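In what follows, structures are represented as structure tokens.
Each of the next two complexes has chain A plus one other chain: chain B in the first, chain C in the second.
The block that comes next holds the complex of A and B.
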């Protein structure tokens, strides 16, 4: 145990950097993915079929493809088209596209779960469609979308560990680097597992707290 | 699984390359491109000592890193003008094919199949498998272990070919497979195994780290050659890298190669013989 603690102390900064990059890449992709997902969700719920079709194809491709394949595709396909993305950029791009599809689908579900009377009432008092969305529909959709949205966040934290395969120095790769040097395989993988668990439990608690606040209205 | 996915990714890359023959191809050649960029982009890993790993300060070090520095020294007269791109072993060939890196030095084993996809430079090390014993243990060397037959247990890293690999050298020995390097060495330390079989370079490095505790059995087998890889179709670039590497093993920059070899393998490589160039013998 002492030997492990000594090695942990030596490796504290690389592991800290890895932890920050794990949180950062997951947070970045959930932010961009949410922006993308709201657009996608609104289109899926309300757009005419010809506008809906490309969004439907995007969502189905993203949801039907393993995240690892998306990550590899985001890293290699732009490279041959002459646009070379760095591993972190490619990784966040892949996770954003993945998150956008999942969040888009859950926003669509939440919007369609709202009673039609709400939209009819909004329209009858003369709200334009953007106003209807902003004041009537999205606030209600957010409430029911929040628990699955937190779930997507947890998936992204875990999915970010796959970025190690394209050389992003996030928590898993930093852990593997430490193990490569000191051979303390089990100790450091367990440690990394505990860190992932701690982040996800914290995210879960944060979600529950926000849910309680939003639910009070 | 990763390997197959990498193949798919490489396949996508190759298909896209075929569709877009003009894009990305530099008209001026890689050598000029690298020189005008002012730094060399090197693909390598970060988790395998003594080849490429992070030391306690977090710096990328190892024999592959020193080889890359020899190339950068030749280009810019400065061994540090390098951008290292961290890549998994499976990404070595895709990253060359898609032009992510100028060169990969990441213990790439030379095979004819790989030579169909990438261009190999001259070799800079010959890897093999060796047996490490505890100093002062029951067996002194390879001959003693071979004579002991089935009384010997060899610890080895778990892998499909591990059993056959050990039996090639010690046909009657028992083989104990372990899933991680630390467990493999622990088996040797605890006496559960009398020898550990793994890459000669890893054993040399480990023995250097733990001076006096272990001995080499004196027998190595399973030769494989390590070279850097570059993209096919640019003979000037390949020739430049070859000259830089060859002269570090036979010519003016030999002291750099020698220092790296001693640092990571704890041994001195043979000095180039003065007079007739020995590589043409």
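The block that comes next holds the complex of A and C.
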């Protein structure tokens, strides 16, 4: 145990950087993915079919493709097209596209679950469609989409470990590098596992707390 | 006064169909300012659809609706009629207020928030002024103490009174009431009817769809009986309830009274 703690102390900075990058890439992709997802969800729920179709295709491709394949595609395809993305940028792009599709589908479902009377009441007081969305429909949809939205965050934390494949120095890759130096395989993998678990449990608790707060009304 | 020159609401030859089913088969109806008109009739006679057409919640295939002299919902030119843009429809909808059978309060906003939304976003009033108007209207429907309650914390009757305040606060030219007591427990019906009676006495122009015959008789200046998508009889309450000319109306009243 003492040997492990000594090695952990030596490796503390690389592991800390890895942890930050894990959290950062997940946070960045949930942020961009949420912005994208709201747009996608609104289009899926309300757009005419010809506008809805490309969004539908995007969502179905993203949801039907393994995250690992998305990450590899985001890393290699832009390079072929002459656009050079660094591994971290490519990784966040892949996770954003993945999150955008999932969140888009969540928002679509929540919007369509709102009683039609809400939109009618909003229209009857003279709200335009954008106002109706902003002040009546989306606030309600976001509330009901919140618990699964937190789950998407958990998926992204876990999915970010796949970024190690394209050389993003997140927690898993840093852990593997540390193991490469000290050969304490089990100890450091378990340690990394505990860190992932701790973040996800914290997120889960945060989600429950937020849910309680908005669930009161 | 210009009010004398044209009725506040003029419906001419209104036709509406859902697919192959003709729901409104040419309805003509005028309302002057201050009129309180109740529409009665059996389910499926087209009463609610008529109201929803006036608030532009339904599209219609023929005829015309003019509100205060302005044709609403459609623009015609080159022999074609086209639905107006979202922005135009919204502006015209703001001229009428609507109270729904199922209240449709916004659950994420307080009672005051519900009343203030249109004042803030449609009429663009400053927050303090909107709040003052909202409190004033909530007081008029007897809910001054409930301004900061959410809909889920209010009874059905209270929710419906908030909905009435929400519609009236926008100072609409015309208020449409669609079976406003049908979703209420019997003991809560009277408080809502009293509220409606109050706003009618204050001079609001109301177009009411109701199943409450006693209420229609008490509050209305005119009663309209609809039957199969047409207006079958139109007259003062004393005539409609006391001496109906239309045979179907007489039968309808026999089966619904008491």
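Convention: the second predicted complex is superposed on the first by the 216 of 217 C-alpha atoms of A that agree within 3 Å, B and C clash if a C-alpha of one lies under 4 Å from a C-alpha of the other, contacts with A are read in each partner's own complex, and residues count from 1 in each chain.
Basically, a contact is a pair of C-beta atoms (placed from the backbone, for glycine too) under 8 Å apart; a residue touches a chain by one contact, two chains touch by 3 or more.
Computed from a predicted model, the values in this text were never measured in an experiment.
Student: Clash or fit: chain B against chain C, after overlaying the two structures on chain A?
Tutor: Chain B and chain C fit side by side in the superposed model.
Student: Does chain C touch more residues of chain A than chain B does, or is it the other way round?
Tutor: B
Student: Does the superposition put A:136 against chain B (first), chain C (second), both, or neither?
Tutor: A:136 contacts chain C only, not chain B.
Student: Could you look at A:68 and tell me whether it touches chain B, chain C, both or neither (first, second, both, neither)?
Tutor: first
Student: For A:173, decide between first (touching chain B), second (touching chain C), both and neither.
Tutor: First partner only, chain B.
Student: Looking at the overlay, what does A:118 touch: chain B (first), chain C (second), both, or neither?
Tutor: Touch partner of A:118: chain C, not chain B.
Student: Does chain B (first) or chain C (second) touch A:16, or do both, or does neither?
Tutor: A:16 contacts neither chain B nor chain C.
Student: Measuring by CA atoms in the overlay, how small does the chain B-chain C distance get, in Å?
Tutor: Once the two complexes are overlaid, chain B and chain C approach no closer than 45 Å between C-alpha atoms.
Student: Would you tell me which residues of chain C are touching chain A in their complex?
Tutor: Per the touch definition, chain C meets chain A at residues 55-57, 86-87, 89-91, 93-98, 100, 102, 104-108, 117-118, 121-122, 150, 152, 163, 166-167, 170.
Student: Sort out for me which residues of chain A touch chain C in the complex.
Tutor: So the residues of chain A in touch with chain C come to 115, 117-118, 120-129, 131, 135-136, 139-140, 143, 217.
Student: Can you name the residues of chain B that touch chain A in the complex?
Tutor: 2, 5-6, 8-10, 12-13, 16-17, 20, 23-24, 46-49, 53-56, 58, 85-88, 90-91, 94, 98-100, 180-183, 185
Student: Could you please specify the touching residues of chain A with respect to chain B in the complex?
Tutor: Where chain A meets chain B, its residues are 10-11, 13-14, 68-69, 72-73, 75-77, 79-82, 84, 87, 164-169, 173, 176-181, 183-186.
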